[in-house]
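What follows is a pair of complexes built around chain A, which joins chain B in one and chain C in the other.
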Partner chain A sequence: MTVTEQRPAEIVPRQPASAGREGWIRRAPLLPALIFTIIVTQLPFLFTIYYSLQSWNLVRPGSAQFVGLDNYVKVFTDSQFRGVAVNTVVLTAGAVLISMVLGLAFALLLDRQFRGRGFVRTLLITPFLITPVAAALLWKTVLFDPTYGLINFVLSPFGAGQTDWISAFPLTSVMVALVWQWTPFMMLLTLAGLQSQPHDVLEAARVDGAGSFAIFREVTLPHLRRFIELGIVLGAIYLVNTFDAIYMMTQGGPGTASANLPFYIYQRAFLGFDIGQSAAMGVVVVIATIIVSTFALRLIFRSFQTEEG
Partner chain B sequence: MAAPTTERPASTGDTRELAPARRGNRAGPALLTVLTWIVGIGFFFPILWMVLTAFKKEADAYTSPPSLFFTPTLEQFETVFSSGIGPYLLNSLFATVMSTVFVLLLAVPAAYAVSLRPVKKTQDVLFFFISTKMLPVVAAIVPIYVVVNNIGMLDNIWTLVVLYTAMNLPIAVWMMRSFFQEVPKELLEAASMDGASLWRSMREVVLPVVSPGIAATSLICVIFAWNEFFFAVNLTAATAATVPVFLVGFITSEGLYFAKLCAAATMCALPVVVAGWIAQNKLVQGLSFGAVK
Partner chain C sequence: MADVVFDQASRVYTAGAKPAVNRLDLEIAEGEFVVLVGPSGSGKSTALRMLAGLEEIDDGEIRIGGRNMVGVPSRDRDIAMVFQNYALYPNKTVGDNMAFPLKMRGVDKATQQEKVRAAADILGLTDYLDRKPKALSGGQRQRVAMGRAIVREPQVFLMDEPLSNLDAKMRVSTRTEIAAMQRRLGVTTVYVTHDQVEAMTMGDRVALLADGKLQQFDTPADLYDKPANAFVAGFIGSPAMNLFTLPVSAEGVRIGSSELRLPREVQSRISGDRVTLGIRPEQWGVANGDGGASAGGVKAQVDVVEELGSDAYLYAHLDDDAQTAVVVRTAGRSGARRGDQIVLTPTSDELHLFDPESGDRL
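And then the complex of A and B:
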């Protein structure tokens, strides 16, 4: 949070006075968006910090009182919180990486000339467009249902029987639904990368007698790197906030076996009405996110600087 | 426990893809084409099944093995409409359209400022915008809820409009910037030398290059706004709730009946899916941040 808030502050005042007027005219179109973003996205975090120092439960009106770092002590001694944090990392990293590998594979398949290419691409992007709540519902009912679900029907020749996938593997089931939704996104990004490959380089490599796999490794992958990095960063940004799928499919259960941080904090705030505690968790999550995203942002910026040349 | 079980399908997917590519010269591309079709249909199948189930009677939806042939009925859609999806659709439409308009009003000038007439510290501004996306929404929901409650804006559609605008703005600035960078700077300079007004050079030089970007950015904003659930479920109740909230409430009121749920889910997803299909190239342009024209 400190990182993000200091930056805009630097931008505004540090122009030499001589260029001031011209600078302001140039900056003017930027200001509405900047101010709006600061107010709506940054101010709430200041409140979050304030609330995190209070013992405040909505069930007991007027119960708010300053308790210092008590809430933080509770967060760090909460073993459920730790488990949920691990779930978040597993879910995010797993879903991002698997959907990237599948997306890359699908993009390679689509990056060829064949009949019905546009149609197949349309089929493949659709899961990304489906409302996540509807998608999660679809997985929970018509796909994963132990008795009438398609998954068990398809697997029945292999002796799957009536496995209740969501009860048996709650976190993995959620991840499967997320991978299904995000593979198209990764595919579109890497396909965009594949199609922007310089054809003369590919031709030259082929003329030199390089095999398909060698070309893929030496030419295509380095070129795709920027797109893969972008996909991973954007995918992680959205997937770390996963809420809909967990809400619909497992409600975080059994216990907190499939809860991630967003869902756990939601439970504490809106079902437990514990404002102070959930705010403290929010602050911890934000700090952790800043640490992770500092690396991620470095990545995204490196890839965009090469573009500007 | 979760990691090893899920790693496996990923790696098989990978080798499945690479192995034929190496043998491509002999086996011919026909196999790859067949594989691509299988993958495409396989990925789409759950959606196809959802739509099919929506046209079934409940009795046909609960068969084992699943029934592929049945007499289609509109019964389920009638249930969905009679249980009052209408106002929810309107709310979703309003929140989506208004927030997208606001995003464009804010993002287009901002992207113009950071790309065509870059101020100092442009990188920092872009950094700031994208970093707001990295902060988990959940950490802000508590104060947002308290503030919105205190100013009496709970269950008000404008609350969602403001939040969706903030949610999509950073991505929109980045997307629009990538399109503004394509504007030929020499042409702009030439236009201002000729004494063309700012407005005219905007209209004649900038707009033709940037307008596909505006379309692409709008589409992405529409998708994310229409599909948003977290803010909607926590900040709205009866009057301002959107379609995803309707879907959840529908389960509570109607129970877990496959055919009805599939009809409701289809209604919920349909507008954005159709928009995405129609403007597919825009989707690719937007998501690749202008790398594909």
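And then the complex of A and C:
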């Protein structure tokens, strides 16, 4: 009698003993975190939806009353809301794209050997390490101030030192400060991409007759694609929520010229005290963000899946 | 096609350090297949990269077709290179990979396609032209890298250990394919390898480097039969040549307590009182030690027998001096076993004698 005779013909994978219970023992320590997350994110969202169906002014106690979708109708007919939404898109897209282009340029410069490279790299990273509020204050007072600002000081010999930059170009000023803060992040990401590029591929391109620009376009840029995509998605997720820079530099003004959605909602809730209206805006923004970020996340995952071989 | 000349070409990575390539002189004829071989760190890859324009030529010259290449960028040298890891462009299809050098030279689309197709035909890659390199096996990637070099129709092919990432069987078949293709295309080829079998089988001539210096530049047969020094003798041949540094006696050399008689004309070349004697494993005659030692033989005891089917290698140590190991190649299934006593006698007059100090051939 041989051993093989006793075995069934088909080979089935061996089931690990009591997989279900083991699994729950492993998951249980994570439960508090899950419950906490639900309490701090999902419950407030449900409350927000409830508030958005009320007409409620904070300074008039007892004014709360159910008004159905009235607040939502007002949100969509509010031209300021639309203008602020456009500001948000312009601010986010502009800051992300410009900082990506600059970050890529700095990364390309840092990717070569030169004396003091480590020192230069540290200097270039510094803006990212500064508290956003401090950075905004720095731009507002040290650089953009019409009287004391360094920019006007530098420009004055050329006869162009009189501009009040923040009043004249509020949204652009905020964007400049954000670009300054976010360029190092994009630079680090693309630098990591550049340094993970195999040398022999670059050498092969050189032997194959490609010049520097052709190598960048044909070999380096395709290699960096997923790093650039990742930088754009992460940057957009952070920058769409920008609040501190606007609060410190312009207070969203003049009017709502430099306000983005988070700031405008804050204004309506805590300066205008219109809880119902701002709650409805919040809900609209959350839904819009979910739609946009679903595409964004899909982009991230796609770029992780198409890893190169 | 062009000839390639290394004229005292040197490469120093940092000033004052030992040169990676030290005054290398090579004259490679048009259409010749030359293999650079040597152990790790011998400078063979550096020499190739200097020819490719990927490393500076710090001193001396390298000429391709008579043109001095010092300061000439890679793309103006009209060379094609196959890299150890193939260095394919991961985001391009096989077809685009092969067309890339043509595209960079401004060749029109139709001609690109035609040449890529022709090369793909030769290499059996026609069905894979639309795939990305990721979706290919190692052997196929290697052929794409070859194809990318062929479509160029360059003056010189450079190959940097192109077979070292293939499995053993694939390596043997690709070895012959590359050699055959080079003969057919007739393009001057410089091929770097650390594998002496590749060097011996593929090259018209082989340049053996060690420590950045050229040891010998010769045909494979001459490299094997007339090694220029003890290093070449020990490097070429597998198992390696037995090298013993021995005291000279009246009629030959003393090995352990026995005396190995040398033919008179061999002996006449010895000048000092010690000499390095080289005997290839197949140059030993083996007799069973029980039958009484024949005159001039060396007694040894077998430690390990490697049976390869056609041959067997006996690894033994001398009876008189257990520190001295001997390798012997015998016919397969000789019946030798571990612990056997054997008596070894050199069967060939072609023994190799080297100066014990300089290592030079006597």
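We adopt the following convention: the second predicted complex is superposed on the first by the 274 of 309 C-alpha atoms of A that agree within 3 Å, B and C clash if a C-alpha of one lies under 4 Å from a C-alpha of the other, contacts with A are read in each partner's own complex, and residues count from 1 in each chain.
The working rule: contacts are C-beta pairs under 8 Å (C-beta built on N, C-alpha and C of every residue); 3 or more make two chains touch, one makes a residue touch a chain.
Since we're looking at a predicted model, the values are computed, not measured.
Applying the stated contact rule after C-alpha superposition, one finds that A:101 touches chain B and leaves chain C untouched. Legend: residue contacts after superposition of the two complexes on their common chain; A:210 is shown touching chain C, with no touch to chain B. With both structures placed on the common chain, the touch criterion links A:34 to chain B but leaves chain C unconnected.
Once the two complexes are overlaid on the shared chain, A:67 sits clear of chain B and of chain C alike. Shared-chain residue A:200: touches chain C; no touch with chain B.
Which of chain B and chain C touches more residues of chain A: that partner is B.
After overlaying the two complexes on the shared chain, residue contacts for A:223 are found with chain C alone; chain B is out of touch.
211, 308 are the residues of chain A that lie in the contact sets of both chain B and chain C, per the superposition on chain A.
For chain A in complex with chain C, the touching residues are 198, 200-201, 203-211, 214, 218-219, 222-223, 225, 308-309. By the touch criterion stated above, chain C contacts chain A in their complex at residues 52-54, 73-75, 79-81, 83-85, 87-92, 100-101, 104-105, 132-135, 148, 152, 158.
Contacts from chain A toward chain B in the complex involve residues 1, 3-4, 7-8, 10-11, 14-15, 23, 26-30, 32-34, 36-37, 40-45, 47-48, 51, 90, 94, 97-98, 101-102, 105-106, 108-110, 112, 114-116, 119-135, 137-139, 141-143, 145, 147-148, 150, 153, 169, 171-172, 175-176, 179-180, 183-185, 188-189, 191-193, 195-196, 211-213, 216, 227, 230, 237, 240-241, 243-244, 247-248, 261-262, 265-266, 269-270, 275, 278-279, 281-283, 285-286, 289-290, 293, 296-297, 300-301, 308.
If you check the complex, the residues on chain B that touch chain A are 2-3, 5-7, 9-11, 13-14, 16-18, 21-22, 24, 29, 32-33, 35-37, 39-41, 43-47, 49-50, 53, 61-66, 105-107, 109-110, 112-114, 117, 119-121, 123-125, 127-147, 162-163, 165-166, 169-170, 173, 181, 223, 226-227, 229-230, 233-234, 243-244, 247-248, 251, 256, 258, 261-262, 265-266, 268-269, 272-273, 275-277, 280, 283-284, 287-289, 291-292.
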